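Remarks on the structure that follows.
So that you can tell them apart, the chains are marked A, B, C, D, E and F in the order they are listed, and the count of residues begins at 1 in each.
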Amino acid sequence: MRILLVNPNMTQGMTDTMAAIARRVAGSRAEIVPLTATRGFPYIASRAEAQIAGGITLEMIADHVDSVDAVVIAAFGDPGLAGARELFDLPVVGMAEAAVVTAAMMGERYSVVTFSPVMTRWYADCVADTGLGSRFTGVRAPAEHDVRLDSVAQDMRGDLIALANRAVREDGADVVILGGAPLAGLAPEISGEVPAIVVDPIEAAVAQAMMLASLNARFDGRASRPIPKPSAGLSPALSRVIAMEALQ
Amino acid sequence: MRILLVNPNMTQGMTDTMAAIARRVAGSRAEIVPLTATRGFPYIASRAEAQIAGGITLEMIADHVDSVDAVVIAAFGDPGLAGARELFDLPVVGMAEAAVVTAAMMGERYSVVTFSPVMTRWYADCVADTGLGSRFTGVRAPAEHDVRLDSVAQDMRGDLIALANRAVREDGADVVILGGAPLAGLAPEISGEVPAIVVDPIEAAVAQAMMLASLNARFDGRASRPIPKPSAGLSPALSRVIAMEALQ
Amino acid sequence: MRILLVNPNMTQGMTDTMAAIARRVAGSRAEIVPLTATRGFPYIASRAEAQIAGGITLEMIADHVDSVDAVVIAAFGDPGLAGARELFDLPVVGMAEAAVVTAAMMGERYSVVTFSPVMTRWYADCVADTGLGSRFTGVRAPAEHDVRLDSVAQDMRGDLIALANRAVREDGADVVILGGAPLAGLAPEISGEVPAIVVDPIEAAVAQAMMLASLNARFDGRASRPIPKPSAGLSPALSRVIAMEALQ
Amino acid sequence: MRILLVNPNMTQGMTDTMAAIARRVAGSRAEIVPLTATRGFPYIASRAEAQIAGGITLEMIADHVDSVDAVVIAAFGDPGLAGARELFDLPVVGMAEAAVVTAAMMGERYSVVTFSPVMTRWYADCVADTGLGSRFTGVRAPAEHDVRLDSVAQDMRGDLIALANRAVREDGADVVILGGAPLAGLAPEISGEVPAIVVDPIEAAVAQAMMLASLNARFDGRASRPIPKPSAGLSPALSRVIAMEALQ
Amino acid sequence: MRILLVNPNMTQGMTDTMAAIARRVAGSRAEIVPLTATRGFPYIASRAEAQIAGGITLEMIADHVDSVDAVVIAAFGDPGLAGARELFDLPVVGMAEAAVVTAAMMGERYSVVTFSPVMTRWYADCVADTGLGSRFTGVRAPAEHDVRLDSVAQDMRGDLIALANRAVREDGADVVILGGAPLAGLAPEISGEVPAIVVDPIEAAVAQAMMLASLNARFDGRASRPIPKPSAGLSPALSRVIAMEALQ
Amino acid sequence: MRILLVNPNMTQGMTDTMAAIARRVAGSRAEIVPLTATRGFPYIASRAEAQIAGGITLEMIADHVDSVDAVVIAAFGDPGLAGARELFDLPVVGMAEAAVVTAAMMGERYSVVTFSPVMTRWYADCVADTGLGSRFTGVRAPAEHDVRLDSVAQDMRGDLIALANRAVREDGADVVILGGAPLAGLAPEISGEVPAIVVDPIEAAVAQAMMLASLNARFDGRASRPIPKPSAGLSPALSRVIAMEALQ
């Protein structure tokens, strides 16, 4: 099984970290094919950026869709997810949505804890946009936002544990999602100090993508696939996907 | 006052029709600056297409934002609307959202009537995405979908009147929105034969944009504007907007 | 164009202030016809008062409906709005609803800031009653409620700015609505000190009423108009409106 | 115990029928004090009419509040209910709300069946306005609306039974509310022919009012009572209630 | 009239307290038949415990259903309520649901105040599970949870009054429900010190059960009754109820 | 990895069919440990039955929890799921919830198709009870309910395909869930004749359980675990789980 790990952000280090975690999750069951955006932004954190990066995501998927079994859009906010599901005949998983449904199967209420107040609103929007957030109890972040992205997980370890404990005690969370690529990998390290289940979104997304691929569901022939269309200015591969006759 | 009328679709005839209606609405109060997408799709009708066209919309607005007072995104589905509102310091109006709020101020319940069953799902999604659709009573469309876009408003006039009457009698609509650019201009023609208020979304959007511009609200300095960022592969103007220091 | 500005409160000074703002919004485009209730209450601030004042509002509109093009119900809470929309064949705009839809077209989340804690609950109810409040983030008011209505906007200027900043920083508001007639006119004065768009409800309501009137929609013949009925004890004009045959 | 049965409609026959049913429910436990509106409308069926009749209801209650233990507002739509609850220090029950909560305690889903399609929209609005309608499955009415109000319950008996059966079979109702004063008293007659629990709203409202009065809860001193105010043009008794100092 | 008061908890003292209050509510109108669970838990406070105790509740009701006119499930959380309503042909009332609907008929917003932070989450869940909690403003409890159940109502009297006042002032409650059997009977004692209506859930539940029984609605013949079935391992009486032919 | 497949129904054949499918999903990655209820009902189809069977489910899990890595509650309706999640320190998956979240990751809207109208209401309730059903478009079932459970999947194959097509065309489903154990295994057979993705709930549930187990999340130490308690009349193993000290 091959899983395409699309990082719609341009930061290669982020892709590397996530790919390493993905490979640990996949073990021998799947090959991880990581991809970093070559256009767009270093780190998506707004609707405007997600609008643009979502289009780039569709092009990245179109380039590799024929050689993989499932796709992970590896950014909270799931840029391009709904469009990718319409167009491509294979499972496409978003990081926010995968974290949300995984958390919802582990407990009744879940919170997001993240490393910077700058992300609070964006992450709350991301959860709301999944349409599945009825058991979500909010985002908690430190007041301080001057952080070094490559060391924030260790620099703020104590603060993050404290925030997770408040999410549990004050907000009633059974599950805490550690939001943001800089926190990837931290979940197992701190779970012993948090009285709740701790979820790493990239782990959840990769595991869900493999799970969906394993079901061998038939994706072609869907009536809800957009009607084939001409287009201009798109990458060749995406243009072909959009123009292609539906199979039904 | 200058109103930028951005058609995210590539069909010039659609722009021409909408610009004519916009000019009638504007009268001597505003100059309409119409713009047709040169990339993308002839006619957006899915989330995938709106994902891509929304990015193109942001570029089109960035190119002209300095010389206009408000923007109309002239496609049901409002591609790029949320992102445009974050980035640009002036009123940006979407056609679906403007139709929805205008209808909601005219009556308690409103429906959409359109010309093809192919659009039903897309239009329902568009209304839901405004987040203001709690009084929406659904989309009605004919069963037949083989239509000539340039004459469908006249060819199906009787069917559309019948559908609007069913929206009123069976769905309880007080207001009927005629959805879809090919129906632009039809509202005043048929309103005498529909026992409800009939709304043309392009009229509503242009009027709302002028209304918002007339309020002279201060848009710069918003805390919710995304943090300035570098980017790659965007049009020069959009790249500059995204990189610019916020004013607060 | 003539806009009827119905103040369902009995306080003439309030009408004068709002009429002055309305005239500035209208410029040469519309004549403002202000009207102050001669029965009812000095200042409506409860459901009981709005129940009674709403009936008075219907009578005030009925007296003038034939000579105007649109109506503004100039009190937060929109007393009589739903009934007025049923009965009268022209656009009727409520101040709370107009503020809500205008704010929703300017940003994603909006708050209300007001001058007294006594109004908090009432204003929250008013927004909820529009049925469009899904993006509303709450009311903020000072703890102190001993205010002089005619000078509160200046006396509490600093507090109001501070509250608006908290609405932005803590509640995530993109738009701040200054609620309450005593704050009419303050929005442009303080907008430079608030990192959000600031909306004056009376401005929004007058502008929306003019916008709706400009669309020339056909209001008669609506199936949802109540069936004509005899009545007793109503003002002659309202009694005639209610008894009149519907036109369809 | 004395229960004030306020009919906000002007039709005395309707009051007589409802008072008879109320007396049967009350037995020897309570005295029923029926009151018919002397202003307003023969039969309220719109928001405009309820706006006006609600104010009249407040005056009717104010005239008798000192000599009764609870109030029933005996019209579906509960005109004046929220305001009456604010002002008066005793239980006030609305017919729609009482029917809704009674039905919700008898089964999981409930429908309304009524005698004329003219009432469908109004009754659906009435249930929605209670804010407790999450288990409501809709209104069913005959197509025919030419009915004699004084005999419709018998004339349409077969149709009403058929509609109730469809509400059960097609809409999943466990409980059927017979809506509309002309159907008062029909519930026990037809319940054997309907595979669901059948509720008469006037029975439910009177029983709920007696139940609430029996609890001897303390209504004075409520913080949510509106601040005392002067008023003009109201009945003397209502004016005094509104001007009175709150007790807290 | 005979009312079965089923305490799904095993604590006899709790049953005795509630039965005494029930008898005061019932007066000469009804005989109270109290029953204490002989299996299960001393005090239900989780979904797991309610799952098990709900089954026990069904057996307790089945044993006595033929000799009573209505049933009260005397535990917040209403264990077994939905199932009991399906199976038994008489009114079944849950304590949480009865408190909720009673509060909703007394005011617009209601809160729960209880004696221990351990109960906060459970009580919030209980209200949400009624499906009628749209006007619920939350649970307030003291920080301290080391309490003596038999004296907590007096030991914490001051704290409970303070919490109720905060529920009114900060959360906007018109009605305060005193949650938890250890607080049964406290409502009338403290209502003079709380600026809101104070509700005792056991009073509300018994009064609602008597009210529903007084309506003489016909419960047999419901289409929504589960299809008769064989079973194994259930008490003989419950097994017979489940196997019985439905009457329709 | 060992997955406990708890069938809360007493029908062994149902367990055998589901275990066979589970083993195909698990392949060499997991051992399936099937368990059939020895008390309760042949086939759960109501809230009353789920109340009782949910308690039995907790006992079945408690007996085996120490030797497995995750649990599947193999009945639509997920009896006992919420309680099991509170009590047991490992992933517990319900069939309805797993089907819902799996469908939601494959498309935007999903429907359930089943074999008998008797199940319609129960399945709709089951989806609603997950709290994640905002994209659910309803249940479709044949009118006929006289079916042979062991052959219904083949007997009604054509009808089920037709119903699935209507769910797609009329209800807008992107994904169709085949609900009910008698349809287990049918999904891959008919997916070529349905223009949507077809999901088998037992496949989804087993795959989700394995996915969750693979994440190695830490379940002990949860603050939301119920406080340890004595109990009476429960199975020894369940009694010990409930009495056990929480680990935090």
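Here is the rule we use: a residue touches a chain if its C-beta (ideal position, glycine included) is under 8 Å from a C-beta of that chain, and two chains touch if they have at least 3 such contacts.
Small disclaimer: the values here were computed from a predicted structure and weren't measured.
Chemist: What is the chain whose Cα centre is as far as it gets from that of chain E?
Modeler: Of all the other chains, the one whose centre lies farthest from chain E is B.
Chemist: Could you tell me which pair, D-E or E-F, is linked by more C-beta pairs in contact?
Modeler: D-E
Chemist: Which integer distance in Å separates the CA centroid of chain A from that of chain D?
Modeler: 52
Chemist: Where the CA atoms of chain D average out and where those of chain E average out, how many Å apart are those spots?
Modeler: Roughly 26 Å, centre to centre.
Chemist: Where the centres are mean C-alpha positions, what is the separation of chain A from chain C, in Å?
Modeler: One centre to the other, that is 43 Å.
Chemist: In chain A, what residues contact two or more other chains?
Modeler: In chain A, 82, 121, 172, 224 touch at least two other chains.
Chemist: For chain E, which residues are in contact with chain F within the complex?
Modeler: Per the stated touch rule, the residues are 10, 38-43, 45-52, 54-56, 58, 80, 82-84, 86-87, 118, 121, 224, 226-227, 229-234, 242.
Chemist: Could you list, by residue number, the parts of chain A that touch chain F in their complex?
Modeler: Within the complex, chain A contacts chain F at residues 25, 29, 82, 85, 91, 93, 97-98, 101-102, 104-108, 131-132, 134-135, 168-169, 172, 174, 187-188, 191-192, 195-199, 203-204, 207-208, 210-212, 214-219, 221-224, 248.
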